[in-house]
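First chain A sits with chain B, and in the next complex the same chain sits with chain C.
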Partner chain A sequence: MTFQTEGARINHTPVIRRFTLPGLLLLFFLSLLLLPLFLSPLWIRIATEVLMWAGLAQSWNVIGGYTGYLSFGHGAFFGVGAYATGILMVHLGWPFGIGLFFSGVLSAFLALLIGYPTLRLRGAYFAIATWAFGELLRQVATILDITGGAYGLQLPAFLNLPFFYYIMLGVTGLTYLTIYLLLERARFGYRLLAIREHEEAAEMVGVDTVSIKIQAFALSAFFPGIIGGINAYWVTYIHPDSVLRADITDFMVVMAFLGGIGSLWGPFLGAVVVQLVQRVLWLVWGEGTFYLVIIGAAICSVVLFIPNGLIGVLEGQIFKPKEAIKELKKKVKW
Partner chain B sequence: MILLESLNLVKSFGGVAAIDRLSLTVEKGMILGIIGPNGSGKTTFFNLVTGIFTPDSGKVLFHGKDVTGFRPHRIAKLGIGRTFQVPAPFSKMTVLENVMVSTFIHARTMKMAKEQAKKILGLVRLEEKADQQVLNVTLEDRKRLELARALGTQPSLLLLDEVMAGLTPAEVKASIELIRSLRTKDLTIIVVEHIMDVILSLCDRLAVLDYGSKIAEDIPDRVVNNPEVIKAYLGEHYRARN
Partner chain C sequence: MELLFQTVIDGLLIGGLIIVVGIGFSLCFGVMHIVDFAVGEWVMLGAYLGYLLVAYFGYDPMVFLPLIFLIFCGLGWLIYPLIYRAVSGKRHNPVIMGLVFTFGLSIIAKGGALSIWGHHIKSITTWLSGKSIMLGIGTVPALRFSGFVFGILVTIIFMIFLYKTRAGIIIRATAQDRDTASLMGVDVRRTGAFVYSLYAGITGMSGVLIGSLFSIHAAMGAKYTTLAFFVVVLAGMGYVPGVIIAALVLGLLQSFVGVYVGGRYTLAALFIVMYGVLLITPKGILRRGI
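On to the complex of A and B.
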């Protein structure tokens, strides 16, 4: 049994290229810059959340989508970043910005530590190790004094919604820019795809697969560390069941799959759809978990019928249920 | 000059010796054929040379240097390229991108890697398919792509694992011409193949494996008349036909 993800079947390069034309991108970025001027505080908050999840889903996509190794503990890096920033600000009095950077570096370093032994092996080891790492961190944060244990940690309050919108926009923008430059435009990205498609063949043409995988994992942990730090300062109060809860990973995975893994814009699209649907349902029905059922059904449909995700549909891959079922019957022994 | 040397290689899988005290030397510039029944250790030998497996004992020397147990990417950098018996392309990439992954090894820039890859695609006559998705090309083209990708690392030793299996006679003929055209004084080739016509028309020397050991090695004409080889691999029918 392999834990390689099934990426896109049909190439989505041409339209991606059109999407990523610098001009269009700049326009998109400018409109995001101006967005808070037209939104109520509630919607600025929701927009900030969407940006946050877009960055997180893309980070997961680096290791899960481009490289094909499923990380089931990626939310832990978000939690590490939140706690690191919190502790540095509260206990050591560091400024927010330096705390953020340090949080990203710490996350990446932890990824190196986990990746070093587990990314040498194929199969489920990596998935299990990352999952265990996430669980471990939650327990550790619950018992330590420095994290405030189960009571959590209170950060200095800074109630400035546009500030958090813009810093989230900046960091998520940086995430996408980095991943675009490193994964879509440089040899690093080609090598990751080669590893996903055929690891042994990649190694045979001179790709140091272990080292490349570890680098990819560290990169995929760096940004969640920073985003976690922003989130901590934004919500001002963190505890193990908020920033280290298991469904943070779940949402990263769901958004990436829904939007389309292994593509630059898939995770963004997935984050927009999932977070907006979740928030709209929350506005309509109030606090509840019913939206999870809808999102669960949506993700099942995507994995079964449109393996390339929403981005694949946008690029003109037609949804053919009958053929999809035929394909499925070939893959699954009834 | 000896390019590759294996000394008493042993590799077992669960108590069965796939390679049993195999010693083989390959002179620079030659084309060496390796034949033998299924399971005689031909592909395992390639996997030992390229570092996909580590031998239980014995040594692999390349350019006189001990490379036993090196990981495949280091072997590739030292100058050994290989193709896989079952084509192993990077499926969700284009033909050109497949070769670029391998030309990255020496190219300093993306542009140089692309140019080198294009040149190699021209060499194996795949230049027209450069921008096609691998999923959409034929088996013959995939076999050529295997070859192109192996050449992308600029090897001095090329290991070809049944690059012609499954091809039509016309395609086989074209492939033989292609491999012959690759041969230079700087490129040594080891060919594993079941099609005897290919072996006989390409190889300078021929080694025969059976149960992981070498049972014969000589010029092809003499090997195919060796009674032991006929018994182990070629069969009485082959002798009768000739």
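On to the complex of A and C.
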């Protein structure tokens, strides 16, 4: 059997194809590499956060966007990674890099465990089980001794902002590269797309849907594990209400949806927009909880008005707010 | 032995109240194939509304149950068209859109409640609070008992409605087969709106009782969303009668784990049970789910 590695494009649109030209991409990557030289520490921090969220949103996109199975507990894998790295470094004294890799593997393994019973069923079961899993992990982290309970875990401090920027850039870049190669350029991506569009039909033509879905879920859990580990070492102090809080999942969902699910650049765009907006709001209003209302409203409006996200708008899907509202009024009969 | 009886009683009493949360949720899934992630938030909003009404008028919260039911029915009726719009039209995958939409709704409700009422914990006092009924084998807190009675009453009325009335037949027909039902002249969309508002009303009403039994805070929704999920997975998604047994089993399980293992392990125990059910009989313990 020969491997056919061409053509598994999920987006066929010209604008994006122009943007994925290798040259432009290289330029973009180089500018990201040089970015810390020109930025103040605050902005390096913000850029690192944007990169982190871009990676997280993209990982969610693998299972939520490409496969069409919504994971509402994906933040749990981020937390697992953070705690695994923390525990390995603090209690066992392992070096950061090995701990990081191990965190990713552990996350993927947990995804296998959760995915095995639930991915054989309809998507609703999967959404419920992942959500419950997220709730469970927060409670487990509060109970256990090894995680430091509600007090959390203190990691060895390593205050080197550019280091975290570069490692985050590396991991997020690796995430996008892996997903590009596996999902946009290989048969694997075709199979996921077939599952999303018509699962029964995919099964009929010989796709081993359950196994493929589990693989996709494990892949989508691997990267949040690693990113969570980096985050733990970066913020040096983790506790259940920080790395396992519910709104990590909320953010992943809103970023992927706002940018456009099932596309390579959608989650990146979504992460940049949401993170910058959140930063601005934070500067204007200070700490608060109102951002949750905005996230929720953003999710709902994207579903109602631009189901293909911002990337869909960029690709020429016309979006006129006035007309959309008029159409909504016409279609929604109270 | 006394502890055992007490545990059983407590479990059954809690289970009776959980039925109410699970029953509308299960019907909602059966008819519209929508998993409403905002189920716990309806409970939370109901509890807050009860709290506000009691604080403002000063009567017993039980007086307001019909009013709260009507208010939440109205809210559900207003929101349903948006959900319908989210799951219909030119969408790649309507089920996903519906799920995400209700997920967004739950975030709005949680964030709104946190912004308005903050992190303070509130509670409702009723004339039953603190009283208890002595039985030969153990004591029954009067408030929990009234919650149980409320749950059973609502369930019985609901079941009679569903199985004995014309509207109930329409709803069950729609749940069984949307397309055929609509060929027979059923307005599937209106049926959906009706079911959703009924579900919102019942769940909001149960929130008042939950709020007077336990504490009220803005983030309480997650707990009841989890419970509702466990109940429907145990019962079989969309199989309404199974909810009664599943909720009682869940109440007992929760109470036994709480007494004999420790309150913090209840969620873990519930999760293990749910995992086992999904692994062994994914259609619920009665094998009747869809």
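The working rule: the second predicted complex is superposed on the first by the 303 of 334 C-alpha atoms of A that agree within 3 Å, B and C clash if a C-alpha of one lies under 4 Å from a C-alpha of the other, contacts with A are read in each partner's own complex, and residues count from 1 in each chain.
Basically, a residue touches a chain if its C-beta (ideal position, glycine included) is under 8 Å from a C-beta of that chain, and two chains touch if they have at least 3 such contacts.
The structure displayed is predicted, hence computed values, not measured ones.
Once the two complexes are laid over each other on the shared chain, residue contacts for A:Glu197 go to chain B and to chain C alike. Of the two partner chains, chain C is the only one that A:Leu136 touches; chain B does not reach it. By the document's definition of touching, of the two partners only chain C reaches A:Phe72; chain B does not. Number of chain A residues touched is higher for C, counting chain B against chain C. Touch criterion not met for A:Val277: it reaches neither chain B nor chain C.
After overlaying the two complexes on the shared chain, residue contacts for A:Val205 are found with chain B alone; chain C is out of touch.
When both complexes are overlaid on chain A, the residue A:Ala186 reaches chain B alone and has no touch with chain C. Chain A uses residues 197, 262 to touch chain B in one structure and chain C in the other. The touching residues of chain A, counted against chain C in their complex, run 64, 68, 70, 72, 116-118, 120-125, 127-129, 131-133, 135-136, 139-140, 142-143, 196-197, 246-247, 250, 253, 257, 262, 288-300, 303-304, 307, 328, 331-334. Taken together, the chain C residues at the contact with chain A in this complex read 29, 33, 35, 37, 77-78, 81-82, 84-86, 89, 91-93, 95-97, 99-101, 103-112, 114-115, 222, 225-226, 229-230, 232-233, 237, 264-265, 267-268, 271, 274-275, 278-279, 282.
Within the complex, the chain A residues that touch chain B are 7-11, 13, 185-187, 190-191, 193-194, 197-198, 200-209, 262. On the chain B side of its complex with chain A, the touching residues are 50, 52, 71-73, 76-77, 81-82, 84, 88-94, 97, 100-102, 104-105, 110, 113, 133, 135, 149-150, 152-153.
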